[in-house]
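Dropping the structures in below, format is C-alpha cells.
Next come two complexes, and both contain chain A; in the first it sits with chain B, in the second with chain C.
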Partner chain A sequence: MSADIQNDGDSKPASTEATVSLPATGIAVVERKEPPPEKESDTQRRSWIVLSFWLIAVFIGLPIWWNTTTIYRANLPLTQMTDWADGKACEPVFPLRIALDVGSLPEQEAQNLLRLTQHALDDLNDFSGHHLRLQLAQAPTEATVQARDDSNVALTIRLAPGDAAHTASSSLHPHLPILDVQYPPNSLPTANSPSSGLATYIATQLGATFAEEQNIISYLLETSSITPEHRPKGISQEVVDTVSKRMTRSLKYSQTYHLSFSLFTNGPVPSSWDIEAAIDEYMKPVLDMLRPIHDFTIDTQVQLYASPGVQSQVLGKEDLSSFINAAEWPLSPSIGGAPTVNFIVYIGNQTIGVPSETDAVETSQSWMIPQWGSVYLLAPPAEAAHVSSETLKQPILTFTSHLLTLLGTPQSGSLPLRLSTLARIRSADLLLRASSSLGSLARLTLALPSISIPSNVADGVVKTIQHLELACAGLGGAKSLEHARIAEAEAERAFFEKSMVGQLYFPDEHKVAVYLPLLGPIGVPLVMGLLNEIKAWKTRRNQKLKAA
Partner chain B sequence: MPKDKMSFQATAGTAGLFVVAAALRLLLFTAFPGLPNLLTGRVEISTPVTSFKRCTCRRVCSLYNHNVSPYDGGVYHQAPLLLPLFSLLPDPSTYPIFAYILYTLVDLLSANALYKIAESGEGGASRLYSSPRKEKRWSGYVVAALFLFNPFTIATCIGRPTSVFTTCAILHAVAKALSGNIFTSMLSLSFAAYLSMYPLLLLPPMVILAYDRTYNPKAPKSLAQLAGMCTLALTLTDLTPNAGLWGYSPSPRCSTASVRSSFGFFWLHPISSYTPALTIRLRQQPLAVITLLLGIFAIFKPYPSIADTSLFLSLVPCFRHVFPLLRYSFVTASVVLYGTFLGPAFYHLWIYAGSGNANFFYAITLVWSLGLSLLVSDLAFAVLRDEWEVERPEMRGKEIRQI
Partner chain C sequence: MQPFSLSSLIPLLTFLVSFVAASSAAPAADYHEQLNLKPLPQNSLLASFNFRSNTSLPEFEAHNFRFFPRSLGQILQHAGTRELHLRFSLGRWDAETWGARPWDGTKEGGTGVELWAWLEAESDEEADHKWLTLTNALSGLFCASLNFIDSTRTTRPVMSFRPEGDHPNTTMANMHLLHGVLPREVVCTENLTPFLKLLPCKGKAGVSSLLDGHKLFDASWQSMAIDVKPVCPAGEECVLQIEQTIDMVLDIERSKRPRDNPIPRPIPSHELKCNTTKPYHADDTCFPTDSLNAQEWTLNQIFGKSMLGKCPLTDPNVPPVCIQAPHTRDVFTSMDVQEVKEPGNENQRCYLLPSNEEEFHLALPFMPRDGDRPKTDADEFVQPATPLLYAERSLTGHGQEHGGVQAILTNPSPDAEVEFVYMESLPWFMRIYLHTLKARISHRTGSDAGQTLRDDDDVIKEIYYRPFLDRQRGTQLEIRMKIPPGSTVFMAYDFEKTILRYTEYPPDANRGFDVAAAVITILPSNSTGGRAARMSNLRTTGMLLNLPTPDFSMPYNVIIFTSTCIALAFGGLYNILVRRFVGRDEGPEVSLVKLQKRLQEAAQRVKERVQERLGVAGKGAKKVEGKTD
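Let's turn to the complex of A and B:
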C-alpha cells in the first residue's frame, strides 16, 4: 500500500499525449509529453516517508522482534554436569569401616593382628570402589554397637578364643551387624610374622560377606554413564548376568511404597481375615528396619467369587504369568506418587506343578512377579469363614522375603547387614542415576541450541550438584542416601521440565515458513524504497556537482 | 461552523432518525430474544478481547467483587474500568433490557458524533486543502443514517462487544477535535486507547486535526502547543494500569511458545508503521489519515471484528466527493458481500458440520481482508488523485498511469 500512496502522488502525466500536427505534410506525429519535473517538496516528502518506515522497523520492530523471539537460556554448569556424568567429579568409593573387637587380647597383639588382616584384605580385594578398612573397636559391647549405628562402622568382628583343637570358625549375629569369630588361641600371629592363618581367615570371611555388595555396586558402575577410565575394574560377565537378573526383578527406587494386600477366594468364604494382626506380627519388624530407607503405606481388601485367569488344578510354569485376572480383579495401579507392591493370597485348591529347579526361597505355594508383587496360594482354612492370623503366618513371611527381593536387597548375610548394604546400593544407584540425568541434560542443551532453558532448570541443576557433592562426600554414611535422593529428584525434575519440551519439536524449517511470507511483503517494499531513495539522492548530487 | 448551531441541528434534524434507529435495535432485542446471545457467540463480532460474555460472566464479576484480580484465570482480557460498569448493570441474564439500552445509547452517541463530523465538512475542505469537488457531499443526516442502519453496526450492537465503547470514543475524539475542543478530544482518545491499545496510533493525525481546527493566524501557535497536546493524551493514557492488549499479553503468551508473542508483534508492526507515513503524506487532510488508519486497523489489528469494519465504513461517507474517483467500487462491494455471506457459512461447515476444515474459514477471512484492503487503497488513491488534480487542473478526468 505504501508504494501506491507514494507513487500515485507524483506519477501520472506520462499517459497524456500531445498531438502535434504538421501543416506541411498533414501527417500527425504523436509525441510523448514529458511530465513536469518533480517538485522539491514532493521529493523531500517521499524521503521522509521512506525514512519513517525504516525508523519504525529499526527502532520499534527489531527490538520487539528480538525480545519476543529470543529464547531464554539459563546458564548451566555444563562442564560440571558432564564431569558428574563421566564420573570425574566423584570417585564412587565406599570406605567401609570394620571394627575389630579383640576382647581380652593385649594392645600390641591386637595391633599386630589388625595390620596383618588389613594386608591380607588389601591383597584379596582388587576392587577399588569398595574399600574395607579395619579399626580397633573402642568399647565392644552390644549397646555401643547399637548406639553407633549411624557411624560408618559397617560391621564389628568379635574375636573370641575358642577350642584349640578346632580351626577358626565364624558366624554372623542374626540381629546385629556382628561377625563372631572363634579362633584357636595358638593361631594368633607373633610379633614379627609376615602372615598369619587367622588374619587370612578373617580377611576371607570379610570378602565373602561383602562379595555380593561388591558385585552389585560394580554392576551399577558398569551399566552407568561413567566412562571406563573412571570406573573401577570390571566384573565378569557371569556376575553381570546374575546381578542384572536380580536388579531387573526389583522395583525402581522410591521413597514410599504402597503395599496392597488382597484376599481373593473362589467362593463366598472366607470373608474375613486377620490381616492387620498378621502384618503387625510378622512383617512389621522388617518394615521398621527398612524405615530409614523407605516408607510404606498399606491397604487391604477381600474379594469374593474371584476367578483366576487360569482354571486348571495344577499350575504349570506358563500358567503362573496368566494367573492374575487383571481384567476382573480390582488391583490398584500405581496412581498416586508411590509405586504399588501387590500381595495376593488366593484361597483355593490349586497347586503349582513346577519342578523344584526354581528358586529355593519360593515355596511350592507362592511365586513372585518381578516389579509387581507376589502371589500365595492358600488351602481353604478349617473354619471356613475366617482366616486366622496363624494361618497367615507363612504367607506373610513369604511376602516379607519377596518384598526384600523386590526392593533390591542382597540375598546373603544377616538381615542388618543386608539392609545396610541395601542403603549403600540405593545411594550408589541414585547417585549414578542423578549424574547420568545431568549428563543427558548437558548433552540435550548442547545438541539443541534452540531449546529454551528456564531458570528453574538451572536452579534444579545447581541443587542437584550441591546434593550430589554432599552425597559423594559422605558415601556409605547415613546422610548420603538422603542427599542422593534429593539430587535424583531434582535432576529428574530439571530434565523433564515441561516448558522445554515445546521447543523440542520446532525445527528451523518451521521458522523459515513463518518468516518468509512476512518478510517478503514487508521486506521487499522497504528495501526497494530505500534503494530508490539512495539512487535519487545520488543523481541529485551528481547534477549539483555538474551545475557547480 | 459555529458550535451551537451545529449541535442544534444535531438534535432537531436527527431526532426522528435516532428514534427510529433506537426502536429498530430494541425491537430486534425483544422480538428475537435468542439473537443477542447468538451474535455474542459469533467470532466475527466477539473476540476474546471484546466479548460481552466474558465481561459479564459470573466468575469474573465474583472475582472482582471479592477483590481478586479478574485477570487471574485467563478469561477476562479487557480494560479494568469496564468491569465496574458491568458489575453496576443488573444481572444481564435476568434483566437484559438494561444492557440493551446501554448499547443502543452508545450507538446513538456514536451516530451523533458522526453527524457532527460530517456536518463540519472537514472531509472535503480542511485548513490547508480544499477539494474542487467539495460541494458534492452528504449531509450529517445521511452519514449518521448510513452508520445507524449499517447491518454491521446493528449486528455489533446486538452482539454487545465492548468495542462499541472504543468506536464511540474514537468518533467523539474526532468530533471534539473538529470543534476545537482539544482537551475533550484528547480525553476521548485516551479513553479509546485505554479500552484497546491501538487507537493510540491515531494520536498524530488527531493532534494535527485539532491543531488545524484551532489554528489562528493572528495568534501564532508554536510546536510547543502540539507537543503539549501529545503529552496531554499520553499522560492520560499512562494512567491506565492495564491497558487493553498490552495488559493481558504478558501473562498468557509468555507461558506458551515464544513464537506466539512474536506473531502478535508482526500484526502490530504494520499497523504502527503506517501512521507516520500516512500522516506525512496526507498532512493536508488529517481526517483522511484517520479514516485510512481505521481501515488499516480493521484489516491488520490482532483480533479484528466487524465492529472495526463498521467504524471504518462509517467514516467513509464523509468522503462522498471522491467517490467518483474510486476505481474498484463494484469489485470491493462484491468481495465484502461475498465475505460477509460465506464467512458464517464456512465457519459453520468447519465447527458444527465438520465437513470443512479450518482452511475454509481462514480463506474467507483472507477474502474479507482483501476486500477491505481494496477499499482502503482505493480510497487512498481517490484522495490523492483529488489532491493531485488541484495541483494539475489540466489532468481532470484523464486516465493516469504510474511511472
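Let's turn to the complex of A and C:
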C-alpha cells in the first residue's frame, strides 16, 4: 500500500507490487488447508438425512398434495357412450305389424294373399328402419281394434269384395287405424301365381301411408350424430328440406305442455270471452286423443290496452315476426318445467297483406310462430264487450291444427294414424337426442381434463343407458316412448349438471403465484443437498477405486 | 229538427247498449281504482293510488284469468300461497310533520323490499321449500333480488302479523307465515313496470296513467304494495282479491320541475322568502321562513303526465279521484266532471268522470295570503291526525367490537295507553345480548313529569326471542309493550359485532350492512273506543351497521408470509443438518469470496492502467514544456 502511494507521481509501472499489496485487504490471506478427513459415520448420517427428507417429500408430501388438489372424476362408461352416439349400440328399427282382415275369405286364400303382399312390400320397401310385418287379424270387429290399441298393430287392413267392374280402391277410416280396401272379386290371387295385382296394390297403399313417417325418421337419423355406416340409406335433398322445415317448427318434446290462451285488445273492450266453452267444444277432443303422448294444462287471460309491435293497418310478411310486443305483453312462460305454447287472439282491425304461398293451414287471419305458438287476428265483435264462444270457433280450430303442427304431428293420413306415427317419431327423436347427449358428455369429458365429474353424473349416465336399451328393445311399442323419455331427461340432467357447468378455473399464473413462494425456498436446498450428496458419493467411489 | 235529433240519438243509444252489455259482462265489484290526493304541510302532497281486482275462486282454480294477473296467479298456485303481501319502499315518512300514515300504515314496508306470505304446507320443511319457490318466482316477476331472501333473512313472526283474508278453518291449520326483508334493495323504475303490467288498464287509462317512474322514485317517501288475499263477503261467493297500492309524498316544488330540465337552480335573491324579524336580516343575508309558498299545482305538473280518462272496467258510480282538503280550498277541474261530496266527511271531495276518454285535469290555484280575504294554512290543508305512536331507532356505541341499539317510542295521546308488538329481525352477525335489554320511561304529564328516566319493567309485557345461529338464521325478537299516556319509552340493548369470513363481505364492504326496519304492530284496543279499533302498523327506519372490515389482499399476503416462514425455518434446519462444519481455512473457497477476489483483481488492473496512462501523459507534457523553454 505504502509503495503505491510513493509511486504515485512516478512513471514506473507498479504491477508486481500491486499483486503483492492485494493481501493487505485481509480477505483471502489464509493458506488453503485440507480439512481433516470426515468420519465414516458422519458421511453416512448425512446421506440418511438427505434420503429421509426426500422420502418424506415423495411419499408423504406428494400424496397429500395430489389428494387435496386433484379433481374428482367419476368413472364414465365412455366407450359405451360413444357407441350410443355413433349408433353402434342400437339399430333404430321399427317393426310395424299390420293386421290383414280378410273378412269372409277362406284361410288358404288369405294366407296366399298375405304371402304375396308381404313379398310385394319387401320388394317395395328398401328402407331398413321400417319393417312392415303383415299378419292375419283374429277377430275383425271395431271393438277389438280399439281394445288391442296398445298392442303393436299399427294398422288394420279391412278387405271387402267390391264391384267387379271397378279396380281396387282404398280409404282410411277417419277415427280408427283402419284401411278399408275394396277389391274386385276376380283380382284375388290364385294359389300358385307368383304375383297379384291386389297384393301389389295393397303394398303400394301401405307404402304411401307410411311414406311420410319413413321420411321423417330418415331425416332424424340423417341429422343425428350417428355415423353414416350405421344409418340407413340417405334421402333426397328436397325431402330433407320439407321435413326439416316442418321439424324446426315443432317444439322440443316434453311430457306436459302449458297451453296459454290470451285475448289481447287494443282498447278497453272486449274484456271477457267464452274461452272455456270454446276450448271444451272445439279443442278438447283433439287434446283427449293426444293424452297418451302429452299432457296439457290450460290457462287463459284477457289483456286490454295491448298495442302490437307493428302499428300498420296491413301486415306484411316481415311485420308478422315483430307483431308480438314482447316487452309489454305479459306472455311470460308458465312456471314449472314444461314448455308453454301461446295462442293469441288479437282483436283489432289489422289484416295480413301477404297471401300465404306454401302452407295451406295459414289463413289470411292467422299465422304460426315456430316453436312458440300462434296468433289469430279477429275483427272486433258486434257485441263490443264480450266475445262469444261462436266467434271463437274459427280461432280455436285454427289453433288446434297449429298445435298439431307445433307438436310435430305428420300431416298426411287419418288422425289416429298421425298420432301413432307421432308417438313413434317422438320415441326415435328422444332416443337419438339422448344418444347424442351421451356422446357430447363423453367428448366433453375427454376434452376438458380439468372438469370435475360428480358421481351423480355417472349415475345419470348409467340410468340413461339402461333406459336407452329398454327403449331400443321395444322400439315401436307403447313402452318405448316412456323409456326414451326417461333416458332423454336423465341424459340432459347429467349433461347440465350444475357443479360441472361452473367448473373451477385456475389459470397457470395463479398456480405459479401460489406454489413458487413455497416450493422455491424449500426445493432449492433439497435439490442442492441431493446433488452434493451424489457428487460426494461419486468422489468417494472414485477414491475407493483408486485405492483398490 | 226531427232528423237531427234522431241522428244524435243513435250514437247515444248504441253507447247505452254497449254500456249495458259491458256492465252485465263485468260485475261492478270486479275492478276498482281510486286516487286520493291529500295536501300536507310544508308543500307536500300525499297521493294514494289504490287498485283492486277480484276473481272468483273457481275461476282462479281453473286458470282463467281476467282482471287477476296470470303471471302472479300462476306463481301463487305453484307455491301454494294463500295470502301474499309484498312491499317496495323508499324514503322516510316524516310523522312529526305529516302525521298519521295512510292506510294506518298497513300498506307500507320498511326501506327496501319486504315480503310476507301464508303458505299452505304440511311441515316446516315443505313451507321452506315453497317459500324458496315463491321468492325465486317473484324475483323474476318484479325484477327485484327477492331470491336473496334466504334462511338468514327469513323469520316466522309469532305475534306481529295476522292473516287479513278470510281463510277457512281447515286451511288455517296448515298455514305457515314466513317473513323476509331485503333492506338493501334499491327500489326503482324496473320494479314499477311489472307492477303496472299487473293492472287491467296497464297505465294506459284511468288513474294509473299518472304513474311515472321519474316522479314516483323522486318522491320524499313512497311505498308500493301488493296484497293478495281471499275475501268472503257475507252471503256471497268467496273471491280472491288483489290489491295494489302506491302511496307517495311528493315535494311539490321538486316535482314541478320540468322533465327536460330537472336540475335544481338557485332561486333568484328577490324571490327568496326571508324571515325579516331576524336582527341580522339585510339585503345580503336571509334566514328562510318556515312557512313556504302557498300550494299551487295541477295534476299534470306534479305527475308529469295527464290522466287519460277513466279505466272503463270500473264501476261508473265510484269516483276515481278524490281530494282531501278543506272546503274553503279552491279546486278547479276540467269540464263535464261531477263533484261528489260525502255527507259525513266535510273535507273530502270526489270527482266522477264522464265516460269518454278525454283527459282529466285538476288544478289547485294559488291562494293569496294577503289582500282582501287572506287565506291561512288551515285553508290549504287539513291538519294531519296525530299518529298513535312515534318511533325512532338508532345505533349507539362506538368502536369495532360492540354497539347498541336504542329505540325511542313515544305515545303522544294524553289519555289513552297504547299496546303494540315491536319486532326486530336482525342479521346473525349482530350478536345481541338479551340481558342488556332495558326499557326506561319518562312521563310528560303526571306527578313525575319531566323527571329523569327511570327503569320500568312494567312496560315490557312479553318477549318472544329466537336466537341467531351463525350463518343459518338471524335473530328474531318480538316484544309486546304497553306505554301509558303521554310517555316516552327508551328501549335499548347491546350487541357484539362479528368478524365475517373473507367471502361474506359484499363488494362495497366499507359502506356498512343494512339492518331491516323494526316492525311495530299496534294492537287494537277495546278500552278506548274509536281511535284504534283496527290493527295498525308502523316501521322505523333502517340502520347502517359498520362491521370491522379486513384488508382484502389478505389471502395473498398470507400465502407469501407463511411461505417465507416455512422457507426460513426449513432452510435453516436443513442446512444445519446437512452441512459439514470445518475451520475457515480448511473449507473450499466459498464462491462469494472468489468473486470478491476476482473483482479486486480487476479493479487493480484498471487502476494500474490508468496510472500508466497518467504517467505517460505527464512525461509528454514535461517534454513539451522543456521544448518551449
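Here is the rule we go by: the second predicted complex is superposed on the first by the 440 of 548 C-alpha atoms of A that agree within 3 Å, B and C clash if a C-alpha of one lies under 4 Å from a C-alpha of the other, contacts with A are read in each partner's own complex, and residues count from 1 in each chain.
Definition applied: a residue touches a chain if its C-beta (ideal position, glycine included) is under 8 Å from a C-beta of that chain, and two chains touch if they have at least 3 such contacts.
Everything quoted here is computed from the prediction, not taken from an experiment.
K.L.:
For A:542, decide between first (touching chain B), second (touching chain C), both and neither.
P.N.:
neither
K.L.:
Go through the superposed model and pick first if A:300 touches only chain B, second if only chain C, both, or neither.
P.N.:
In the superposition, A:300 contacts chain C only.
K.L.:
Taking the superposition on A as described, I'd like to know which of chain B and chain C A:60 touches: first, second, both or neither.
P.N.:
Only chain B is touched by A:60; chain C is not.
K.L.:
Between chain B (first) and chain C (second), which, if any, makes contact with A:456: first, second, both or neither?
P.N.:
neither
K.L.:
After lining up the shared chain so the two structures overlap, which partner does A:386 touch, if you call chain B first and chain C second: first, second, both or neither?
P.N.:
In the superposition, A:386 contacts chain C only.
K.L.:
So, A:328: does it touch chain B (first), chain C (second), both, or neither?
P.N.:
The answer is second: A:328 touches chain C but not chain B.
K.L.:
Which one hits more chain A residues, chain B or chain C?
P.N.:
Tallying touched residues of chain A, the top partner is C.
K.L.:
Have a look at where A:48 lands relative to chain B and chain C in the superposition and call it first, second, both or neither.
P.N.:
The first partner, chain B, only.
K.L.:
Pick one for A:520: touches chain B only (first), chain C only (second), both, or neither.
P.N.:
second
K.L.:
Name the contact category of A:236: first (chain B only), second (chain C only), both, or neither.
P.N.:
neither
K.L.:
Touching chain B and also chain C: which chain A residues?
P.N.:
Touching chain B in the first complex and chain C in the second, residues 9-15, 35-36, 49, 53, 514, 518, 522 of chain A appear in both lists.
K.L.:
Can you tell me which positions in chain C touch chain A when the two form their complex?
P.N.:
My answer: residues 18, 21-22, 25-26, 62-67, 69-71, 74-75, 78, 137, 140-141, 197, 200-202, 204-205, 311-313, 556, 559-560, 563-564, 566-568, 570-571, 574-575, 577-578, 580, 582-587, 589, 593, 596-597, 600-601, 604, 607-608, 611-612, 615-616, 618-619.
K.L.:
Quick one: in the complex, what on chain A touches chain C?
P.N.:
For this pair, the touching residues of chain A are 9-15, 18-19, 22, 25, 27-28, 30-36, 38, 42, 46, 49-50, 53, 260, 268-269, 271-272, 275-276, 297-306, 328, 330, 332, 334-336, 383-386, 513-514, 517-518, 520-522, 525-526, 529, 532.
K.L.:
What does chain A use to touch chain B in their complex?
P.N.:
1-2, 4-16, 35-36, 45, 48-49, 52-53, 55-57, 60-61, 64-65, 68-71, 452, 499, 502-503, 506, 514, 518, 522
K.L.:
Can you list the residues on chain B that touch chain A in the complex?
P.N.:
Going through chain B, the ones touching chain A are 255-259, 261-266, 268-270, 272-274, 276-278, 280-281, 296, 373, 376-377, 380-381, 384-385, 387-388, 392, 395, 398-403.
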